[in-house]
Every structure is written in C-alpha cells, then in structure tokens.
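These are the structures in question, set out in turn.
Across the two complexes that follow, subunit A remains constant while its partner is subunit B and subsequently subunit C.
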Partner chain A sequence: MLLDSALTLRTFASELVLLCTILLLLTGDLIFHPRDGRYCLGITLGGLLLAAVAALVFPPLEPGALLLAGLTPDTFTVVVKLLGFFFIALVALLAESEDCCRSQSTALYGALLLVAALVLSILGAASDLVLILLALDFLGVIAYIMTAYERVNPLASEAALKYFLYSATLSAVMLFGFSWLYGATGTTDLAGLHAFLDRGLTSSALPLHVAELEYVILPALIMAGAGFAMKLAAAPFHQWAPDAYQGAPTASAAFIAVIPKLAGLATLVRFTLTALPVATSAHGGDWQALLAALASITMIVGSLGALWQTDLKRLLAYSGVAQVGYLLIGVVVQSSTGVAALLFYLVAYGVASLGIFAAIIAVTGNSTPLSTKISAFAGLHQRAPWVAFSVLVSLLTLIGMPLTAGFLGKFWLFAGALEAGFPWLTVIAVLSNVVSIAYYWKIIHAMYFQQAHSDEPLRISPWLAAALGISVALVLLLGVFPPSGLWTLDFRF
Partner chain B sequence: MQFPILSAILVTPLLGALLVLVIPREDVRTIRRVGVAFAVFSLVLATLLWIRVEQLGAGSLQLTERYSWIPAFDIWYSVGADGLSAPLIWLTALLMTLALFYSAHTVEERVKEYYLLFLLLETGLIGVFVALDLVLFYVFWEIGLVPMFLIIGIWGGKRRDYAAIKFFIYTLAGSVFALLAILAIYFNTGTFDIVELARLRPFARDLRWANLAFWGLWLAFAIKVPIFPLHTWLPDAHTEAPTAGSVMLAGVLLKLGAYGMLRIGLPLFPQMFRYYVVDVPILPVLALFSIVYGALVCLAQWDLKRLIAYSSVAHMGYFTLGLCATAVGGTATQAAAASALNGAVWQLFSHGIVTGGMFFLVGMLYERSHTRDLRAFGGLAGQMPVYYGLMLVLALASLGLPGLAGFWSEFFVFRGTAQLLPLAAYIGVLGIVFTAAYILWKVVQHLFLGSLDTTRWAHLPDLTWWEQLTVAPLVVLTVVLGLYPAPLLATFDAAVQTLLRTLF
Partner chain C sequence: MVPLSWYLILAAALFSIGLYGLLARRNLVMLLMSLELLLNAVNINLIAFSRYLEEGQVVGRVFALFVYVIAAAETALGLAIMIAVWRTRQTVAVDEIDTLKG
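What follows is the complex of A and B.
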C-alpha cells in the first residue's frame, strides 16, 4: 500500500514541483516584497524547468498501474506537459517586459502562469468527462483574470467579461452534452464510453433501445464539440477571441493565443481518440465528418475575418482561428501520426505567435496611449532589423514557407488528410493558406515597405530578445532539421 | 569520392549572403565587392559544372549526390545535372553576376539587404535546376519566392506594393496546389524521387487522380512560365521590379516553370499532356493565346518596360507550343518531336540572354531619362550610338532574325510543330509577324529613329564603361549562338533525346 502511494506520488512529481513553486512565489512575495521582478521571473522559470525535468525523469506508469480515477498519464501527457511548460516560460519572459503585468506584483502574474501550468499538466492526463470539463474551466478562469489584469483599462474589463460570458455559456452547453453521454452510457470514463459507443452496449440502467441511441449520441457530441470549439476559438464560437486579444495585456494575449488552444486540442484528441468509435466502424464516420466540417468552417471564417483587420492583435486573433482549423485536421485524421503532426504544427504555431507578440510588446509595449494598429510596425526594419527579421520568419512559418517548421507541420497534416480520404479538406486548407498571405502581408508590408514614424532605434529588453531569439531559432531549426525522434513517438489511447 | 560541385554551387551564394550579413551596414563598398565576388565564384563553378557534365555525357544526370534529409517522409537531398539543367544553371550564374555588377554602380539604398537577398535568390533558383526530389524541388521553388518578393517590394517602382503581393500570391497559390499534387503522387507511388517517378508513371490507371495531380502541377508551372490567362502578375512584377530584379525575373524565374514542365510535368504525365493536346486541345490553345495575345498587347503598349514584359509572355508561348508538339509525337515522328523540344529548350536559354539584356538596357535608359514612355523618345540613334547598337542586336534577336540566338528556337519549334500540330503552327506564325511589327515599330522606330527632342534629351549621355560591360557579354552570346548554335544544341539534344526515350 505504501509502495503504491509512493509510486503514485512519483507520477505527480512535476505537479508537486509546480505546487511548491507557487507557494514559494506567493509567500516570498508577502514576506520580502521584492522590488526587483527578476527574482520572481527566476523562480517561475526555475519551477517550470524543474517540473519539465521531473516529467521527463519520472515517466508515466504502465497503463492501469495508477489507481486514481480519471487520470491516465501516458506519453501524450508528457508531451503536452513539456509543450505547455515551454510556452508558459516564454509567456513569462514576455510578461516581464510589459509594464502592466508588473504594475501590482510580478509574483502574482508568475503565480497565475504556474497555476496554468499545473492545470495543463493535469489536463494532459484527464481521461474522465468531468475532469476534462473542470480542468478546461479552471484554465478559463486563469485566462479571464489575465485578460482583465490591467484593471484601469475599460477595454480589458469588457474583453474579460465577454470572454467569461461566452465561456460560461458554452461550458454549460458542453456539460449538458456530457450529461447526455452519461445518461446514455452510465459512465463518464472515456474508456468506458468507448466500450459502449463502439459496440453499442446498453447499460442496464438505461431504458432506451439501441435504435434510439443515435438520437442521443449525435446531439450530445455536437454539444460537446461546441464546448471544445469555444475553448479553441474555432468558428462559429470564436467571436470572443478578437476582443480578448485586443483588450488583454499583450503578454496575456500571447497566453490566450497558445495555452487554451493547447489545452482544448489535448483534451479533444484524448476525447475523440479514446471515447469515440474508430472511423471505420458503423457510426465512426459521423463525428469525423462533423470535425472535418468544423475544421473547414474555422479555416474559412478565420481567413476571411482576418482580411479586414487593421489592428495587429485582432488580426492575430482571426489568423489564430484559421490556424486552429489546420490543427483540427490532425484530430480529424484519427491516427497516431495525425496527433504527432498536430503537436508539431502546434509548436510551430505557438512559437511563431509568441514571437510576434514579443515584437508587439517591443514596439508598442510602453507607449501611451497603447496602440496596436498595424501601422505601429511601420519601418520596423529600419528601427530594429533583428526584431523585424524575427517577425518575418514567424509570419513565413505561419504561411508555411519551406525550411520553417510551419511548412513541415502543414505538409504532415495535409498528407494525413489526403491519406485519410479528405482531399476536399486539404483543398480548403490550401485556399485558406493562400488567403492568409494577403493578411500576413499587411504586417510584412508595414515592417519592410513603409517608412518609420521616428528614426530612433528601438531598444528592447533582454527578456524579449531572448524570447524572440528562441522563437526564430526553433522555427528555423525544426524546419531544416526536424528531430527524427518525433516520428517514433507512438500515441496510443 | 568526387568533388560535390552541385552542393558547392548551391552553398557559394549562401556563404556570400552570410558574409554580407556580418559586414557593417555603412561599409557599402565591401558589401558590393563581396556580393559580386561570390556571384563570380558561382559563375566559375557553374562553368566548371557545365564542362564536367559535357565530359561525363550530357544525356543523363551526372554528378548526383544523394543524402537522406527527412527520413520519416522519405525526403532526400538529391541533386544532379544534365544537358538540360547545366546550361540553365550557367545562365542563372551569368545573369546574377551581371545583375550584381550593374547594381554595384546603381543601387544606393539599403545595399546590404539588396545583396543579401539577391544571393539568397541565386541559391533558390539554382536549387530548382538541380533538385531531383519533388519536395526538395518544392523547397527551392519557394525559397526564391521570398527574396524576389522583397526585392520588388523594397526597391521597386511606384506600384511596387501591388506588384510584389500580386507576384507572391500568384506564385504561392500555384505552388500550394503543386504541393497537394506532390503529396497525392507520393501516396500513389511511395516515392518523391523524380527519376524514379518518371519510370513509375503515377496514376497510370486512375484517370481522376491523374487529372487532379496533373492540373495541380500544371497550375504551379503555368503561373510561373506564364501561360495565358495566368500571366497577369508578370507585367506588373517585371515593370515594377528594379532593373536587376526584372533581369532575374525574365531571365531565370520564368524558366523555373518551364523547367518544371520538362523535368516533372512531361515525364510523369505524358498521357495527360497528350490528352490535353490531342483530345481536348486546351494546352495548344492557351499557348497560341499567349503568343498572339502577348504580341498584340505589345503592339498597344507605350511603356517600354511593360512592352518587353509582355513580349516575354509571347516568347514563352513558343516554348509551350513546342512542348505541346512534343507531347503529340510518337516513335514515328520522333525527329519532329525532338526538333520541337530542342526549339523549346533553346528558347529558354536564348530568351534569358536576350530579354535579360533588354531589361538591362531599359533600366539604363530609365536611369537617364526617368521615363519609359516611348512617345517621349525618338532619334536616340545619333545621341546614344552604342546604346542603339546593343539594343538593336537584342531587339532583332527577340524578333527572330536569322543569325541571332532567338532565331533557332522559333525555327526548331515551328519545324516540329508544323509536322505534329500543323494548325497550331499556322496560327502561331502570326505571332512572329506581330513581334516583328512591335519590335521594329515600337522599339526601333520610336526610340531611335525620327527626330530627337533636343530640349529634353540633348544631354543624354551614352552608356558608361560599366554599363557596356554589363550588356556586352549578353550581346556577344546572342551573336555567337546565332551564328554557331551547334555545340549548345548538341548539349540540349543529348538531354532531349533521353527525355523522349522515356516518353515513347
């Protein structure tokens, strides 16, 4: 018994590390009132690093060894954790350079980020409907707080309220859908659901006939899908995103652009691949077609919406919607390689987005009044050639230029879709990709083809420089020499 | 182990670009010297490559290198050169050297980025000509896109924004469909190897997928060539690009599309080519449209640079026509098919030299006069005799005068086409008539003959030594190739015969 507990605890080493770091950060802030935010940044980054090491050193147990209900830590969990910790560390670097994130207490923002990391690492293992919902909503709460972090800014409050109302409503819808699934099957465990959905087993408590089940399952899946779509900012539940991006402090916007998408996709992948019937079975095609439709609508709406934007953050919000559409292809194909492709492209997207947000902080961070119009980037090429270059690389990877990570990611995703028999989905993706040039071009145009408003060279903080450097290096490195280990990862659910 | 000369050619401009990157922005002289020096290195290597390919036999792919790049997707760094690609690589290196030499005297703005981008462009362009793996081909195809986009957008003319983005979107739209086609081909055959694929003939039995893959590839190549009605990016891009950019666009970038058709389109899908030439004659009709429409637009054009840009549409039409004729050929008509294909390939080389040279000359005139309006000129023959002489040679070569380089492509294309697609040949010949009309009437008469506007142009200086040095090699080549085409023709023919053997 004691041994079992020790084993269980070992599996949660990274979570425990995070928990301790949060306590350290908050109590340290209370006791010492450190004026210098660098200590807080150091503790935050150190905690994340230690947690990542812990996640690697203590690999997940054999399936079934863990007695805790609702959690199934596996390879996928470890990858999600590492990605999440990495992205959050980058966000911490961004936040350190933005005034409003430090205005009250640096420790507070850092603690929020660490809590998000903690939630992410649980969510990566969640294999129970209730736990999935709780984790997603917990992450949502952190995101609302981060959105409204700049209390004096009415835009921020409005954005957070809109985000909250949207999220609360769709969480309710999602919960309703889950309750139907529970009602029909008598279980909230994903593996249990699968046994039921795949083979059409009826639970003894169920008064329904098998033939009537279809009328329960499909609406339930649609409701659940709506919830996932909202978390991901997938169309048609994406309307909160542009306002949230615009109103939130830029570091928070960077967080919203990456972390909820990672969380939503991680849970969606586990949900679809564990609980839902395989695509080749009788009703397996239904949800696959449903997701394919969601992906294509998302790509179309995101691309068309982004075309008209003049604000950098709103443009990134809409383009993020389109990017989620590409990512969803990885879920549609329903295979281990699809998941690997999704994660690879998510790295490309996340790193590139964080790079662009870092540049936004560098350019507009401390200007008053804060303006994130695209014209703020005018002539950036002359004022800060390296910042402009890193944004260019980020944009090119989002467009999917060869020799950047985005190209290989898209290549992999499209290949998966073609192989899984969705040529039309790839055609929509490709067309949306062409449209994306038109709006990403606006930023390139401002940076390289327009004259700067002022000649003075831009000074950027070392934290931002580090974030930009990491982003560019990773995008190029993964694009030219993709690690061969990635393809041997086997994601089995 | 032999010296990896192809990789060396690819890496040389890249090294130059890296070197330019570390030179301080203010040290313009060093940047220019380094840029030109590395272009010259590439040219030397390209010359050595060509000699080596001739020695080893131009009929098959030589000097191949093959290393696994991304094993998970079975993507290889696989390169090689034959009698088709070696001259085109040499052409690229030559035009790049001249372009950078010319720019060293004319470009003052953002010199560092300028040389950096041109050197990157060179790697991308040469890479397309040597790639033997479909994904590698695609990668190089796209790499050239970004530098050219920035070159047009930063150093271009008044409407550079519009021209740059139009160029970018057109090319990328085409190439993403090519990417889907490439993926589909991979799932059908399990390889990206271009040589292997030509043997396997993807989708030989699946007509629906063969159609999709063929048109996906065709779209990418046709936009680049360009073929009517996908040509509309070309006049804008060529007109707005800085002089050296126009030279590279007309001289090399258009050849990428043509080369793609020769290296990938035709060998992989001969049956589709034949179908769309014989059964549903879309391809020859589009080629004829390019020829006749392009020439007619030139007749109506008063902007000299735009006129030459449109003349490229017409001239590349001859290439497409020759390609169509080749696709029709069979074992009985192999001589005619070889003739048409030789003419088409010759057109790639001669058009690069002739039109590249003409874009240089247009740029030089614009530098002096700040206008490209043909109606403003006249009588320049007396004012700028050297300029007149050089332009006359190139213009007459463009018109297809026997004894100059341009003649042989038209001669061979029509010799082959007349036998294989007689109707198309008769209509296509109209293009030659119109070409003669716009060259003689627009270029020669309006620029050089008549009376000089002495109030405006009395002090227009003739070409300086470095301007003459820029254009002279191209003019000399035009004359030499016109008078003695046999050696280059033999090189092309060796590659053409190999290609035809795989087709029939």
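What follows is the complex of A and C.
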C-alpha cells in the first residue's frame, strides 16, 4: 500500500541528502578542479552528518508498516544507517591521509564513499529479495572499485580480480537460491516468505507440489546464506578477504573490513528474523543450528588462520573472520536482545579496526615500496607513543579486555548463546578468543618490545589523529558507560 | 505446453556448466562468460516460474530485469578490472596472477 507522497519523501530524507551531496561533489569537481582535498572531505563529511541528522529527525514508521513495496524502514534501519554513516565518515578521514586515494581526483573517492552510504541506507530498509540483491551487489561493485583504486599497483588489480570473481560467483549462487525461493513460494517479499514457511508448505497457486517443496526450500536457503556469508567473509567463504585486504589501498581495506560486514549482517538479521519461521516452530530449530555451525566454523578458521600471518593486513583479515563468528552469535540468538548485542559489538569491532587501519596508514601509508609486515610496527612506542597507545587500546577491545567496549559486547553475545541453548557455541567462542590473544600479542610485542628501525618521530596528519582519537575515545567510553538505551530499542521485524 | 520441469532442468544444467567453466578455465574472458551463464540460468528459472505461477504474476519478470542490470554492471566492471590486470602484468591467465598468498 502506498502512503501519501509527502510522507514517502520525508522517510527518504537522508537518501535525498546523500544524493544531492554526491551530485554536488562530482559537479563541483568538474567545474572547480579543487587541488586541495580538504574541500571534498568537508563536503563528504558534511553530507554524511546532514544525512544522519535527517535519519534521526524523521522518525521511522511503526514496525511492519510497508512504505513502498520492498522497503520497511524501522528502528533497525535507523541504527544501521547511523552506524554506516559514522564508519564511512571515519574511512573518509583515513582516505584523506593516503596518497593513492587522492591521486586521480580529490572528489572521486569521497563520491564512492557517499554512494556506499546511500546503498547502505537502502539496504537497511530492504525487505524484498529483489532490493536485497540490488543493494548487496551494488555495494560489492563499489568495494571492487575501491580495491582496484591504485591502478599502477599490480597487487591492487590482482586483489580486485580475486574479490570480484569470488564475490560475483557467490552472488550468482545466492541469486539461484533466490529464484528457487521465488518459485517455491510465489513471492519475493520477506514477510510473504515467512507466512509461507510458517504456515507449512501448502499452497494451491503454486506449480510445485508440497512434497517437492520440502526438498527445494532448504537448499535454496543454504544457497542464499552462502551469498550472505561471502559478503561477511564468514568461513568457508572467506578466502577472498586476506588477498583483498593486502592488495587494496589501506583506506579501502578499512572500508572492506567494516562496511560489507555491516551490510551482510544487517541483511542476515532482517532475513532470518523476518522470513524464517520462529525458533519455537517445527522447522525453526534447523536455521538456528545451521547458523550456529556457520558461526563456530568461522571462529575456528579465522583464529587458526590468523596465527600464522606475518602481514598486518592479512592478520587483520583473518582476525576479522573470527570476529564475524562472534557477531554471528547475535543472529543465532534470534531475539531483540541478540540484535542489540550484535550492534553494540559491531560498533566496538568497527571502531577498533578502523583505528588499527589508521595506524597502518600512519606508519606505512606513504613509504615506497609499501610494506605492511608486522615488523613495520616495530618500536612504534618510541616513535609515536600515542599512536602505539591507540593501537593497543584497539587490540585490547578486539581481545575483549574489561573496561573496553569489546568486553561488554562479547559478554552479551556469549551469554546470549548460553541462553539460546548453545553452550558449545559459547565454549568455542571463548577458546577462539583465547587463541586471538596469541596473534594480537604479536602486534603489541612489535610495538612495545622491539627496537625501532629509525629513531625519527612519526608525523601523522591531523585527519589520522582525529580518527585515532575518536576510535580510542569511543572504545573506552562505551566500555565504561554502555548506553542503557540500547536495550529499550525495539528490534521487532 | 512444455512442462515446467524442462525449464528448471535447462537452468540447472546451464548453471552447472557455468560453475564448471569458472573452475576449469584459466582465461579471464572465459571466466566472465561463465559468470554470464550463471546469471542467465537464474533468469530462465525466474521467467519460467513467473509464467507457471498464478496468472498476472509479474514479480519474476521484474526480478529478471534487475538481474540483467546486475549482470551488465558486473561484466563491465569485470572487463575494467581485466584491463587493469593486463596493463600491470601483460597476462589474463588466472593461474599466473598469484602474487598475493600466505
């Protein structure tokens, strides 16, 4: 049902703001050719800020109120939007400090980031398979472009190629699953899917017989889930991640580390909580068990893979895989509190990762040839004590040290797995967390206990300093004063 | 009328051929063509289902249109990445593009 057009426009306020900012940025770049990237950064950040304000000022609709076919803006959408805008603003700060992201034009990278924000805000509300597909693939396209951004670097194009082939193949597999879901249920709407799956597999309007449907639905859902897992870099669909992180410009790697994971998790949460039958119904336990298996495999593969890495970005890629395993627990739990814990830990993970990537840019960003070995961080404490301290705080939150945001997030997630009846998942998560200390310690050891290659103090750009400061402040603040309002938010679907 | 299952079998066969091509071929152009096969298999599925579902079902056909959009965008981007790879390495054989590992 279509609401009146004024209401529709109001709900799209933040998307309209983003669209105007993109046009402003691109046309301004054509007309004025700004040599100074600060104008473009200012416009990018201003657009994101305005869009965030617009998302807050115009409240979401009641849960379940259909705005346009396929879009369901609700509280969850607003939170996903705000998180996405915030992360993208941090990535913009990082990109401003990296030479290769400014080499072709000062506005292009910012425009790409804004398009990503636009896609993300649509994805947050998408409740139809067609829109989910479009938004996920569009975000993928942006991520490939950002990976290949450094055209003269053979590693960047190789990384983009691997990312593209892997991602496009699994998107096609996901689509094949979608086509079967459509054929089996006659609808692409998530709520319609839910009605069908919950009621039991009977419907007279369909070309397939009930007995055939039983065989089709589960494989189709697994194919769709494989596509989502690829976006998240969840094992066993994570192989692209280390190569993409290593070859991409560091700011793009920071983008890939956070935004596709946010997008994939948002889609997965909405898909499982809207379309799949509730956990207590006949087939409900199956999805939970499958997702729990995915989460545990992801944690194990990520932790073991990270142990052997000597390259910082590859290490972060594998540790990111393990972190996705923890985040997936929030989906397994299938409740409003699970979603809240997931979002809280996503903030901790995203901010801490972006902080570490900012430090990588600070240390290695403009050196040639680019080396991101862990030894690049050697003696960082002597050269730049504050940068070393902020990396330390970020690593501690990823480990889950008390008084940091990571501890609370992990505590809620692991406790949620216990409550949902998956004690073994909690055990695997805790073990994987213990292993993570071993590989994160390698970075801490290099920073504080190894001799620096050079004595000269490290100079970092104000943008990087801002990004590092925001990340440390947020990690510590959220760890000491967790937002109590989080639990009052209503994540019904 | 041709039964629905024939279309579904055709789509599944195309999809399998595409997957085989992706795994077995080493030239990037062939890989891109295999990707196209996968997406075309999806489209056959969608169109066939929308034809055999109840009358007036257009969702499947609209879905197929959007799949074409995705396919076009991805192919364009794949070709662009391929050119970038060619310029830096003078090869498009996937088994020679193996610098990143570990």
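Details
Assume the second predicted complex is superposed on the first by the 476 of 493 C-alpha atoms of A that agree within 3 Å, B and C clash if a C-alpha of one lies under 4 Å from a C-alpha of the other, contacts with A are read in each partner's own complex, and residues count from 1 in each chain.
The rule is short, and it goes like this: a contact is a pair of C-beta atoms (placed from the backbone, for glycine too) under 8 Å apart; a residue touches a chain by one contact, two chains touch by 3 or more.
Just so it is clear, the structure is predicted and the values come from calculations on it, not from any experiment.
Look at A:L396: by the touch rule set out above, it reaches subunit B but stays clear of subunit C. Contact with neither subunit B nor subunit C is seen for A:F32 once the two complexes are overlaid on the shared chain. Legend: residue contacts after superposition of the two complexes on their common chain; A:F411 is shown touching subunit B, with no touch to subunit C.
When both complexes are overlaid on chain A, the residue A:P482 reaches subunit B alone and has no touch with subunit C. When the two complexes are overlaid on their common chain A, residue A:P154 makes contact with subunit C while staying clear of subunit B. Look at A:W424: by the touch rule set out above, it reaches neither subunit B nor subunit C. One of subunit B and subunit C touches more residues of subunit A, and that partner is C. Contact with subunit B, but none with subunit C, is seen for A:F449 once the two complexes are overlaid on the shared chain. When the shared chain is aligned, subunit B comes close enough to touch A:V434, but subunit C does not. Residues of subunit A that touch subunit B in their complex: 396, 399-403, 407-408, 411-412, 414-415, 418-419, 423, 426-427, 430, 433-434, 437-438, 441, 445, 448-449, 482, 484, 486-487. By the touch criterion stated above, subunit B contacts subunit A in their complex at residues 70-73, 135, 138-139, 142-143, 145-146, 150, 153-154, 160-161, 164-165, 168-169, 172-173, 176-177, 179-180, 183-184, 186-187, 212. Across the complex, subunit A is touched by residues 4, 8, 11, 15, 18-19, 22, 28, 31, 35, 38-39, 41-42, 45-46, 48-49, 52-54, 57, 59-60, 62-63, 66-67, 69-70, 73-74, 77-78, 80-82, 84-85, 87-89, 94, 97, 99-102 of subunit C.
Taken in their complex, subunit A has these residues touching subunit C: 129-130, 133-134, 137-138, 141, 144-145, 148, 151-162, 164-165, 168-169, 171-173, 175-176, 178-180, 182-183, 186-188, 205-208, 242-243, 246-247, 309-311, 314.
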